[in-house]
Amino acid sequence: MSRIRAAIVGGSGYTGGELARLLLFHPEVEITQVASGSRAGQFLHSVHPNLRKLTGIRFCRPEDLMPCDVLFLCLPHGASAGMMEHYRTLAPRVIDLSADFRLRSSTLYQRWYGGEHPATHLLGEAVYGLPELHRAELSEATLVSGTGCMATASILGLAPLYRAGLVNEQMPLVVEAKIGSSAAGAAPGASSHHPDRSGAVRSFQPTGHRHSAELIQELGVLRGQPDGLTQSVAFSATAVELVRGILVTAHVFLNEQIDEKVLWRVYREAYGREPFIRIVKERSGVYRYPEPKILAGSNFCDIGFELDAAQRRVVVMAALDNLMKGAAGNAVQAMNCMFGLDETAGLLFPGLHPV
Amino acid sequence: MSRIRAAIVGGSGYTGGELARLLLFHPEVEITQVASGSRAGQFLHSVHPNLRKLTGIRFCRPEDLMPCDVLFLCLPHGASAGMMEHYRTLAPRVIDLSADFRLRSSTLYQRWYGGEHPATHLLGEAVYGLPELHRAELSEATLVSGTGCMATASILGLAPLYRAGLVNEQMPLVVEAKIGSSAAGAAPGASSHHPDRSGAVRSFQPTGHRHSAELIQELGVLRGQPDGLTQSVAFSATAVELVRGILVTAHVFLNEQIDEKVLWRVYREAYGREPFIRIVKERSGVYRYPEPKILAGSNFCDIGFELDAAQRRVVVMAALDNLMKGAAGNAVQAMNCMFGLDETAGLLFPGLHPV
Amino acid sequence: MSRIRAAIVGGSGYTGGELARLLLFHPEVEITQVASGSRAGQFLHSVHPNLRKLTGIRFCRPEDLMPCDVLFLCLPHGASAGMMEHYRTLAPRVIDLSADFRLRSSTLYQRWYGGEHPATHLLGEAVYGLPELHRAELSEATLVSGTGCMATASILGLAPLYRAGLVNEQMPLVVEAKIGSSAAGAAPGASSHHPDRSGAVRSFQPTGHRHSAELIQELGVLRGQPDGLTQSVAFSATAVELVRGILVTAHVFLNEQIDEKVLWRVYREAYGREPFIRIVKERSGVYRYPEPKILAGSNFCDIGFELDAAQRRVVVMAALDNLMKGAAGNAVQAMNCMFGLDETAGLLFPGLHPV
Amino acid sequence: MSRIRAAIVGGSGYTGGELARLLLFHPEVEITQVASGSRAGQFLHSVHPNLRKLTGIRFCRPEDLMPCDVLFLCLPHGASAGMMEHYRTLAPRVIDLSADFRLRSSTLYQRWYGGEHPATHLLGEAVYGLPELHRAELSEATLVSGTGCMATASILGLAPLYRAGLVNEQMPLVVEAKIGSSAAGAAPGASSHHPDRSGAVRSFQPTGHRHSAELIQELGVLRGQPDGLTQSVAFSATAVELVRGILVTAHVFLNEQIDEKVLWRVYREAYGREPFIRIVKERSGVYRYPEPKILAGSNFCDIGFELDAAQRRVVVMAALDNLMKGAAGNAVQAMNCMFGLDETAGLLFPGLHPV
Amino acid sequence: MAQCPECAADITLESNAMVGEIIYCPDCNAELEILNVEQPEVGLAPQVEEDWGE
Amino acid sequence: MAQCPECAADITLESNAMVGEIIYCPDCNAELEILNVEQPEVGLAPQVEEDWGE
């Protein structure tokens, strides 16, 4: 079989570069083009120095994109929705890593993103590209949305509890995400200036964070609440000293008194056969719970939990690399699903230790 | 007036070293002795290199301690309680930075620390050494307890809301602390080994953290619940890449619909005249909320908040340096209260930027 | 005596902010104005968050500067030279932290900075503001130049060897500086973008670094070579993961076989009475040689050395905080000299450990 | 062909873990055993958390090692030499990552390591396992030594200049290495305690560093000086804030006036066909010279240079990951040479950006 | 004395303050426009939302 | 097949397993003592709580 021809738009950014790295080594894919408005003509390695000596590809201009089998969009929020009709003429399958097609409902979109969605007629077609929850739909999909990096960790961490009906939805769901600097993309600015960003433990948007909407949508689906979870969701994010990586700590309250073995069973049943999810909960050692740093470059989402039986409370921890399982890696996994490939193709790097 | 003669036990550790630094420059204090079991005879700067050329003091053996005006204990949890009678013969005023005398109730102690308290008869005498809440008692106190570093940030951040009766105590209080590596003290081990600790975002004790007990006690007092707050308290802590510093993010739910100006008023009234508390809540710039890194070496606790009116929820953020307002700085402030000195004496360093 | 009235130009930058911090707590100084073109009208703490609650000063426009006793210029290289006549009408004493007046010779300036110096007639008046080498001249000076941060560490580290005539000038002097990100100032850009700058070990200008010129000038003076040291000087700089701090490692070859005690004597004689220089050379412990991190916020320059007797070689290590002894702290020390104050006034902060 | 059966001794350490990671994904290798004295019976992932869910292997006791095709020794210096006869009975090919067999000459060994070598009769058989310099010998070798991590970077960076006879050996060679914390191995201690090690820029052994011996041996071979380079070698190392990675900055002086194109030619000829060496020297962008952080997990050694024509000086920069090209990656590359495999087998991971 | 519309801080106008002038709130750093000098009053100045993270 | 008393993971004993031997749970890394080999059973081995942070 000939290789899948893939192209990338927004290839000079961080998710674009990560996709290029992954697809270069993907056994079934050939990169045909990588577009960049600002770097057209330059070699990929002028922006992504890790790719030096590995490829001679140069960035093309976005307007020079040619038809291909699958097109990855790695543009800022808002940049792809208006152009989506055009992009779909270029490829029968499009994967958009931005937030533009993550929400099914234009109402939910409007509430969290403000303003009308520029292409509401496409919302119904797009699939939320999380293989663990939407594997079957992905095999048929032609328009797939990437997933929010903190949302991915939160949803994967919490899904088993919601699906099992264990959560007391009268009580709030509190989710605290700790996140590295690469999540904000490649454009420099005052908030990413090293002397100020270094060593930061910085709250941004303690309330009203947009990733909440994805939790509300996806956990809602699991609860049979198609208009979104009705439970109170308190999501906050704190930037920490880290380039890649997210750790989400979620506090949920339970309907009933259970013991920890129930949690083990629920998580094992949900994820025992998932190639990219690992349950991490150890009684000894240094790495007892999910730790994002050892996931840099890997597509794993590591998930742990701890029961506070007295308070009928579970603390769930989920870690991933925001550029991998939180963006490009997950997009490749979704692509593998769409094309019926082995889901792990091109995603075998296990992560480093120490690091 | 002659200078206050102060001595330090456990002076080779991190809080002991920080105290030595502060007291060396304190205008009303003279350090008479610094005891260390492991370093006796050596110069202070052999362990605390920042003190080189600033003092010729050498560590003495703990058993060679002589009478003084105030004795600071900087020992691990459990080490001072059993010896407290002895220490009190050495000085009319003792400040114990460990957890041994933080809790008023031996029941609460037993629940959270496990085992009988070794000196229950002293529990009634000890004052929880947080000047912002116990200033009056401190002026009379002879046995003062230091405060837990994460507890201090949490309590100071939340006290105004609890005192004002704004909190819905039917809902849980969720507190997530992010904390640097110096909080674990000076003894090396596998979990502090640099290749493994560096860049970590590591949950430790997601449930059952002992600092919860201090919140329960102190917020309980503010609510007229002398046996401790009855509200469900979900406290978790995550170690992040930082040496000094804590950021606490607390989620509370409110009794009533309020607007943000009410919060401004409540916090201004509580802390407008406090020398070491600053309200940090800005509409622009990079440092909009409390940020621990700029507090390294300073005695400030910076506090911010954000209202989620729709969900009747407040997110409170509080930052401090665990070795300063979270330990040694606060202990000096408490000492200043005990001796009727200007509360800011010896504590004027403002912190650095950038850093 | 009334306080010295000091004003700062370029107060929104890093050295300007550091000066503001130092002068706010200086016992003999009162800050009259802090000028900023971009932030006029805003409070100092909107840019320098550590100063919140400590001062109500607002930035003024540069054109609104009024006469004062001493004016500090914290502008980029090239911005002050052309305006110097104007600044000198505002204050009888001017301290310029930029590189514009560091070199005595317009030839040397042209060789290293390219282009004619814009105010050659002032070069003769300006004093290289390093108190350890130019204390006497400073007491008379009206125009004082700040010193290059890496140059300061290098010169202070090497001066004793050169003055003592120990160095074999037929062999090269090799100086390797490791430096933190704040040395590049407050303006964000691609090279200071956190995901790229974080964890970097990045060579910049491996050859031809301008700080070489200061070494050549100042070490030349010590060798009686007024046109600059004739020895081959190989200076290179590497940016490392650090916000504040410099470590310089210098390799020199010696004229004669000596033993290490000679070095001890030479350094002791040079620096035994210097308040801000410490010799750091220990046989045990973790901090055996100068370490910049414990100097953050302090005005110390720590200096160590090691003899390689077999090769007649000395390795000199010198550490400092680039914003303190490498810029603002040194400028305050120079001001203290100019006004005949205690040289340590306002500069007593000892630095932190751990940090 | 059946897979090569490989076993690892010292598998609980950092280089042992890295080898396990590499060999697990090596297309031609099967790991038969991983020995550890301290962890026998435990799963690999209890120490190397990145390997969770990837292998069910448990550590065996060193005394339970069974015959295999190739044995990797990942023990501290001094631990393997005395046991080497025994290890060679277990496998026809042994690769020892320690320093025990790096030096050909027992005299050189004695000068730099002190004391008699415990197995001098084997020194002649061992091959210095750097494929770029000893590819042919490796194909025949039965005892191969790993290479010092800083030595590897230095030798690879300098070899082209020495081979080309460009270096003025009357002048000193000055090499300054910057290095991360994983180079010191997995055992915790005071110098690796995070609060003290974090942000460090710490000189260790400014003179007399043992890696000098490898430079002297290998560069000597290139100059036809079998007893070692006679030139004065000044090697120093500085620990910086980094877990993995080395940047070496070397200053050499030249015999003749050349222009930079000569250097380009020399380096291209030396390394144009080397799969793991890249010349990095760009005129623009952020990554103009070798940068270790983007090499984490990759087997590349990136090399750059800059000419100071006026002083007939070249500054050479070389970067690598100490656990990869500096240890385990290079050992796998050497193994590939020994078994006649594609040299890049199992070593394709390109490194990450950003990171 | 004017009040900050964002955080209700007391804002003292300087003697030479003019209507239309932009000042900053000392507490919340809001950009404020002076609306009235006699009966001190300030309003929030229109502000572009900067991107400052994620 | 034995069950981990901590996390209920299936634990397969090796053919040469002996009563009293210490093994580890592949899922939760608990230290387990083999209590019975015929009817596979394991119990939690007494473990000293290490200090691993704060």
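Order of writing sets the chain letters: A, B, C, D, E and F. Residues in each chain are counted from 1.
In the analysis below, a contact is a pair of C-beta atoms (placed from the backbone, for glycine too) under 8 Å apart; a residue touches a chain by one contact, two chains touch by 3 or more.
Nothing here was measured: the structure is a model prediction, and the numbers come from that model.
**Q** Where the contacts of subunit B and subunit F overlap, which chains show up?
**A** A, D
**Q** With centres defined as the mean of C-alpha atoms, identify the chain lying farthest from subunit E.
**A** F
**Q** If I compare contact pairs by residue number, which of D-F, C-E or A-F overlaps with B-E on over half of them?
**A** The chain pair with the recurring interface is A-F.
**Q** Hey, what angle do you get rotating subunit C onto subunit D on C-alpha, to the nearest 5 degrees?
**A** 180
**Q** If you average the Cα atoms of subunit D and of subunit F to get two centres, how far apart are those centres in Å?
**A** For subunit D versus subunit F, the centre distance works out to 39 Å.
**Q** Please compute the C-alpha centroid of subunit C, do the same for subunit F, then give the distance between them in whole Å.
**A** Taking the average C-alpha coordinate of subunit C and of subunit F, the gap between them is 61 Å.
**Q** Which whole number of Å gives the spacing of the CA centres of subunit B and subunit C?
**A** One centre to the other, that is 36 Å.
**Q** Going through subunit C residue by residue, note those that touch at least 2 other chains and give them in order.
**A** 14, 46, 182, 186, 190, 193, 195, 199, 241, 243, 285, 287, 291, 354-355
**Q** Please set out, as single numbers or ranges, the residues of subunit E touching at least two other chains.
**A** 29, 50, 52
**Q** Could you list, by residue number, the parts of subunit C that touch subunit A in their complex?
**A** By the definition above, subunit C touches subunit A via 14, 180-182, 186-190, 192-195, 197-199, 241, 243.
**Q** Across the complex, what residues on subunit D touch subunit F?
**A** Interface residues on the subunit D side: 41-43, 46, 56, 58.
**Q** Which part of subunit F faces subunit A closely enough to touch in the complex?
**A** Against subunit A, the touching part of subunit F is residues 6-9, 27-31, 47, 50, 52.
**Q** Which residues of subunit F touch subunit D in the complex?
**A** 22-24, 26, 29
**Q** Which residues, counting only subunit B, touch subunit C once they are in their complex?
**A** Where subunit B meets subunit C, its residues are 14, 17, 21, 24-25, 46-54, 182, 186, 243-244, 278, 280, 282, 284-285, 287, 291, 294, 296-298, 302, 323, 348-355.
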